[in-house]
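Pasting the structures here.
Okay, so subunit A shows up in both of these, paired with subunit B first and subunit C after.
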Partner chain A sequence: MKEFLTYVITGITLGASFALVGSGFVVVHRVTRVVNFAQGSFAVLAAMLAAWLLGGVLPHGAAEVGAVLICGLVGVAVGVIALGRRGTPPLISLIVTLGVSMLAAAAIILFWGQDPVSPPGLSGHLALLGVQVDRQRLLVLVATLLAFAVLGLFFSRTYLGKALTASASNPYAARLVGIDVRRMGLLAFALAGVLGGLAGVLVAPSNALSFSSDLPLALSGFAAAVFGGLSSPGRTLVGGLVLGVAGQLTAGYLDGSYQTEVALLLMVVIMIARSRTFVAEEAK
Partner chain B sequence: MLRIDDLVVRYDAAVALDGVSLELGGGEMMALVGPNGAGKSTLLNTISGLVPPASGTVTCEGRVAQVPEGRQMFPDMTVEDNLVLGGWSIRNRDLSEVMDLLPDLARLRKAKAGRLSGGQQQMVAIGRALMAKPDLLAIDELSLGLAPIVVAELAEHLRYLNRERGTAILLVEQEVSLAVELCPRTCVLEAGRVVASGPSAELAESDEVRRAYFGDLTVPDATLAGLTEVQS
Partner chain C sequence: MNSPKPSTVIVPVVSVAACIAPLLMSDLTFFVHTVLAAIVVTGLSLLMGYAGQASLGQGAFVAVGALTVGLGTTHAGLPPLLLLLVAPLAAALFAAVVGLPLLRLQGHYLAFGTLALLLLVQTAMSSVGALGGAYGISGIPAFGVGGWKVTGQLPYAYLALACLAVVLLLSRRVVNSRFGRGVRALSGSETAAESAGVAVGRDKVAMFALSAAFAGIAGAVTAFFTPYVSADSFPPLDSFTYVIMAVVGGLGTIWGGVVGAVLVSVLLQVLNTVGSQPGLPPTASSIIQYAAYGIVLILALLFLPRGVVPSLGSLPRRSALR
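This part shows the complex of A and B:
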């Protein structure tokens, strides 16, 4: 029983990071209809930046915040490249983001090399339901829940959040009322950069990240986002947690190398189950 | 308050507006009529700044807001959010003025806009445009798909708005009787050109205008040239 609880709790904390990466997919897709496959690159970049800044002069906290904010700016740059000229189809933008992620991997190798980095985080353990859990992993869970709460409030309560939602809901009407839809798209990319960066600085102390971690991270995040129909942050959180727990249970009772397959399988099952909903949403 | 000079708008090779000129005074109501594809919606979109002119000028003293064809709601958002976003350009979030003018919207505040009836959506679309405190309200197809009683109610709101607030109204309308009844002046567009313009009552009685209006493209150029003499 204790073994099972260990897998579940570890899975929840791991799933939180998937959800955080997934929320970046959701924010961009909600506003621009683009699937941003550079989402995993934000996390890797933030981990590299945080380690680099910590090795320099910045203390804990400032280094991580700095890394996340830089990722936000990088997000804007990715948005400019991916959204291109007005009228660029989302599918073309998706391919551009794939190209950007490859470019990002090359840039990371150029600046920081190929070795995985794991900047120091919170040390020690806490007992939770009789299970010893890393404090850093709990921090990931708490920060994720906080980020989702802020994201939910931002979209539902603030004027800017509503304008972002409106841009996705009906771009023509949004332009009609004076909303700059392209600027909203760039803002969504900036938010995605921040969310991806946050995932990176939180995950890296427990799981070392290297230039090649972007794709597995993006894949897990995308699976979580698909669970939320690429539009619901709340369901993305649930999707991330389900995925994390399923992956840990598989690793614990079967084989750790099946984790990516679990993510893919879960994504395929959800897509088949939700295909009618997707078709209905596309038809709107 | 609105002056359009020799306006040309192209969609790639196709000419949508071909040398359109018209003027609208402050607080004036004008109907814009013509067959499908005449360029009426393009003209409104150009006035609203959504479509760039290829040549010519659009000068407007004051703010323009548009009630678009098909209402164009933010369907998954509440009526209140739809209205509040209407004030985005001037950051106006105060609903009280619009609620005073369109009291029916008050009880629909929390309803999702996509679930409303056509008439209710048109009311929201008008309210959303009014949130921008426009000096000119450009309306694309007020009556399309709506019951006559609903249209009459909406028309009454527009009359009140024009009379009490002095808001100028440019109305694209297929329903000839409504256009004539509501707007003292009418402008007829066909194939991207103004073919007639003048007092609505006079134009409505003209057989040629009626033919042009209902999309009969066989009206000879000479007849249309004669019609322009009606211009005020």
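This part shows the complex of A and C:
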């Protein structure tokens, strides 16, 4: 029983980071219909930046916040490239962001080399239901829940959040009522940069990240976002947690090397099962 | 259409040049890999350009072709020529089986679904002992027909060229067929195509299987040429490169795949040579490579969205209009 609880709790904390990366996909896709392949690169970039800033003069907290904010700015730049000229189809934008993720890999190797980086985080354990959990992993969970709560309030309660949703559901009508749809798209990319960066800063202390970590991060995030049809933050959170727990249970009871494959299989199965609703959503 | 198309002159010239080129090169590894990439990209270009479906995991089918040869020669002792013919069929069959559920996905979902497929195939290859396992399949014999065995690199260059020629001829037949017209119609609107009598689901799977067959034959030649097959032989970056080549050359053109494969391969080779000059840091090569992939892809898509071949093809017509 204690074994089972350990797997579930580690799974939840791991799944929280999937959900955080996934929320970046959701925010961008909601507003622009673009799937941003470079979503995992934000996380890697933030981890590198945090480690670099911590090695400089900045104390804990300031360094992480700084790294996340820089990722937001990078997000805007990615948005400018990905949205391209007016009328660039979303599938072409996906391939453009694939190019962006490769550029990001080049930049990361240029500035920080090829080795994995793991900035220091919270140390020590905490007993939870009789299970020892790293405090850093709990921080990931708490920060994720906070981020999703803020995101939910932002979309439902603020004028800006509603403008973002409006641009998503009907760009033409949104433009008629005076919303700058392109600027909303860039704002979504900035938000995605912040969310991806947050994930990277939180994950890196327990799992070292390198320039090539962007693909696994992006895949697990996308898998989480698929649960929410790439448009619902709430269901993305649930999806992330399900994937995390399923992965940890497989690792614990079957074989540790098949964690990613379980996530991939679940993703494909859910995508195919829900393919009809996706087609309907795309057609809207 | 009345004026003679430039391709009537260019195509024979390029074909002759491609046949002479291997005789002048000392090391043919680059040449063979470029021709094989052109074969894969021709299939991908058909799939993306005519059927409107993106695949980020084309390497999965290259792997199936290579595995067919690897297992067929080392375990079953089958003749190489037979395996060269079976490999594309095996890849097409695999694509048809996984395509039935997978092709219900569209756009982004299909792109990620095919990428997931590639990663799952890689895992299967590295963890199932019968598929090579952690050590891969080595000791694949040289290609040969009957008692005659191939020695050296030169025959592989012509084998690859012959496969490319077959693939290009087949592509032209397919594009101009009733099936090809149906596939083009479904890339515009599936509903409209279906109401006009196109069997959308069947045709999509068939096109997917055809592109997989092309990848499979490239994989088979790779297996004979290298001669080693393991999970690491088919990294996702290779599959992304195929997409870059297809986009650079121009989607939905017969020659786009070849032009894209040659342009991108030559560019990468040149940059690789520059990056590994003495005096540069050891990471310079990979920095330049990743940056080149990224910049080529972004610039090509934003400023030459139709690719090199269609953009060049429309030049004479444009100047004629003026």
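Definition applied: the second predicted complex is superposed on the first by the 284 of 284 C-alpha atoms of A that agree within 3 Å, B and C clash if a C-alpha of one lies under 4 Å from a C-alpha of the other, contacts with A are read in each partner's own complex, and residues count from 1 in each chain.
Here, a residue touches a chain if its C-beta (ideal position, glycine included) is under 8 Å from a C-beta of that chain, and two chains touch if they have at least 3 such contacts.
Because the structure is a prediction, the values reported are computed rather than measured.
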Touching partner for A:T158 - first (subunit B), second (subunit C), both, neither: neither
Subunit A: partner with more touched residues, subunit B or subunit C: C
Which superposed partner A:Q132 touches (first subunit B, second subunit C, both, neither): neither
First, second, both or neither for A:T260, with subunit B first and subunit C second: second
Partner chain in contact with A:I109 - subunit B first, subunit C second, else both or neither: second
First (subunit B), second (subunit C), both or neither touched by A:G84: second
Which superposed partner A:Y172 touches (first subunit B, second subunit C, both, neither): first
Subunit C-facing residues of subunit A, complex: 35, 81, 84-85, 88, 90-92, 94-96, 98-107, 109-110, 113-114, 215, 219, 222, 226, 230, 257-258, 260-261, 264-265, 267-268, 271-272, 275, 278-279, 282
Interfacial residue positions of subunit B with respect to subunit A in the complex: 48, 50, 66, 68, 72-77, 81, 84-89, 91, 93, 128, 132
Subunit A - residues contacting subunit B, complex: 159, 162-163, 165-166, 169-170, 172-179, 284
Residue ranges of subunit C touching subunit A (in the complex, touch as defined): 54, 56, 101-102, 104-109, 111-113, 115-117, 119-120, 123, 127, 236, 240, 243-244, 247, 283, 286-291, 293-298, 301-302, 305
